[in-house]
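Presented sequentially are two complexes of subunit A, the first with subunit B as partner and the second with subunit C.
And then the complex of A and B:
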């Protein structure tokens, strides 16, 4: 993501789990992306644990889930449905990307930078909440019965 | 991202809109079922524990004994076009000729190589889940004995069998000309499997693809087979995980006494006769947390590669060995389900 051109300063902070240590002074967080590896149940458990430490205001469009590893079906130990249900419970968009593939990674980075710009308020006329409702309406109606 | 869609079985298979599609061709029915599946339907949260089915009473244990204790490589097979059970003898002859021709095509013919082989097609009675399932059939390659004085059958070189257990979701969508036997199991030299596969693909316009079993399904199998009541345990319950690390992957093996595993399962299990997703997850989580407490390793971050119980053992590469005659149909039913998912 840091390779993408962006008008303002882009900072990415990587963390294995939340909560982040509060002793450090850090700039405002605009977007949280939870990366779930479909090959590892531990990754899902870790994500679920970390979600509890996220302030409720972030869930208005500033949280997004990224599922990786769906391409190698034989290595998956989590069913895709589990992640979909997680994203639905937290009312946040779910993106799929095989992070191991260079091309997909670059595309996803571009996409995330655009989302980040919206969440940071740098795109006039669109807010994080607008984006969230736009993304949600494209999902099928059958999700309602989940 | 459509290539990532993992097709899911639809538990509401019975609510097909038959009234809208009066006189629908099988192709239309099939399209409708595919459209239903790519929309968001959860995996069946419960599955029946394999019980001894009614039809198994007809199966002679002696006749199917040769299916047990052998390692089978799994493939999924699309429906066979214009396959007829009455032409089995003719198929035997054709396949025999094809195999001999293929083997002679090889550049180096070893001296003394025995091309005296015999191919036998036979039906396996009773290997089905419901009456609707087509009959299973068996293909065997036997070596013909060199000495004419010996009358007995030669050694079995290769065995392969095709079956369909509870394949209702596939059977409904296919027309009369097709025979649905989605599960193919092979034992023997890989070269023979390839040759026979080619012959079938050419003759019946079908397609074989290797059936891999992912960790998610392996943990379901572990739970279901541990749930099965076995009179005496022939093997310990064993799991094998593969840790991805460089330069070589590390394997972790975890063996439990089968009675302990059964005791753990019984303490988790609630509804008799059914297994739910939560129970499977809890079963595996108990094993993971026990391991973590002792070794501080998170098994949930590794990949489950092999599951071995007294009922059967399965490897992620699509290899299965069935040990228990009583649950043969149950194991095959689950494998058929996986094969049908892969085809659809």
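And then the complex of A and C:
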């Protein structure tokens, strides 16, 4: 993401889980991306526990889920539907990207930087909430069956 | 190709873990794509290394090429070194110099070579405006020792330089001189960091403390170098069932359960070593896994005490 051309100052905080250590001063957080590794049940469990520590206001478009590992189906120990349901429960978008593949990674990074700029309010006329409702309206009715 | 150069390249490649080998060779950019394609990386490491050395001979690798490979290896494993930080200061009234990379490299090399006849100096620039300098030290009468080099990483847009700790301490003042001359002012102050350095300040590791703990434990358990090549480990368990749940049928069973667990991998010990840093397992790992090199066996029978 840092390699992308971005007019704003971009910082990335990496954390294994939430909550973050409280002893640090941090700038405002504009976007939380939960990376779920479909090859690891531990990853899903960790994400679910971390979600409990996220303030409700973030779920108005400032949270998204990124599932990796879908390409290698034989290694997946989490069913795709599980993450779809999780994202649906938290009303947040779900993105798929096999982070091990350079090309996919670069594209996803571009996408996330755009999302981040919107969430930070750096794109005039579009807010995080706008984006969220735009993404939601493209979801099919089949999600209701889950 | 000189025998010492061949040996040096061989030892450097042997240090590289198999899973990093192609990445590092590509970064080195000495052997061509065509040459690399002729290598079967699935063989035993010794065979791969032998093949690579032959290819280096074909291309007439020089000492400088070998030194570059060493730099690339160190860049990938920089976290395994302890670095001291130096800050250069300017005297009052000094203008900001325009940095000329070529001039810097020439001047640096000249100063060291003038002082010590036997010294190997190599440079590699990276994207973040950093220049990696590798120095192998000799004396007036002996050739440079390629196995104990010092690394200096200088960020040209900053007043900071990082130097790897070296057993050859006597050369520190000489290095100091090279920087003094370049920035031509007051002597350097030394500040030790001694921790993991992530060169990009825009990435913040929230769990740094934990990450460092895991790195430290992994290093203490597995050491710095490549693990011995092992392809599987087998554990035969004959233990009674243990459970937190009361009244489960299995908990009442008197006889031990028999169970066989087999771990297999192209490089099992390296895989185990990478578990905790990858976040897949907690550190420290179970001693049942880490005792394999110590006990010199990979078949275990586990019974209740």
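As a working rule, the second predicted complex is superposed on the first by the 146 of 146 C-alpha atoms of A that agree within 3 Å, B and C clash if a C-alpha of one lies under 4 Å from a C-alpha of the other, contacts with A are read in each partner's own complex, and residues count from 1 in each chain.
One rule holds in what follows: a contact is a pair of C-beta atoms (placed from the backbone, for glycine too) under 8 Å apart; a residue touches a chain by one contact, two chains touch by 3 or more.
None of the values given here were measured: they were computed from a predicted structure.
Please work out whether A:109 is in contact with subunit B alone, subunit C alone, both, or neither, and reply first, second, both or neither.
neither
In the superposed arrangement, does A:12 touch subunit B (first), subunit C (second), both or neither?
So A:12 only meets subunit C here.
When the two structures are overlaid on chain A, which partner does A:42 contact: first (subunit B), second (subunit C), both, or neither?
A:42: touches subunit B and subunit C.
Return first, second, both or neither, reflecting whether A:20 touches subunit B, subunit C, both chains, or no partner chain.
The answer is second: A:20 touches subunit C but not subunit B.
For A:79 in the superposed arrangement: first (subunit B), second (subunit C), both or neither?
The answer is first: A:79 touches subunit B but not subunit C.
Is the number of subunit A residues in contact higher for subunit B or for subunit C?
With both complexes superposed on chain A, more residues of subunit A are touched by B.
Let me test your reading of the model: by the given contact rule, A:135 touches which partner, first (subunit B), second (subunit C), both or neither?
neither
Find the residues of subunit A that appear in the contact set with subunit B and again in the contact set with subunit C.
Residues common to the subunit A contacts of subunit C and of subunit B are 40, 42, listed in rising order.
Taking the complex as given, what residues does subunit B use to touch subunit A?
1, 3-4, 6, 8, 39-43, 212-216, 219, 284, 288, 298, 300-304, 316
Considering only the defined contacts, which subunit A positions touch subunit B in the complex?
For this pair, the touching residues of subunit A are 39-43, 45, 70-71, 73-81, 84-85, 96, 140, 142-143, 146.
Within their complex, state which residues of subunit C touch subunit A.
200, 202-207, 209-210, 279-280
Quick one: in the complex, what on subunit A touches subunit C?
2, 10-17, 20-21, 24, 40, 42
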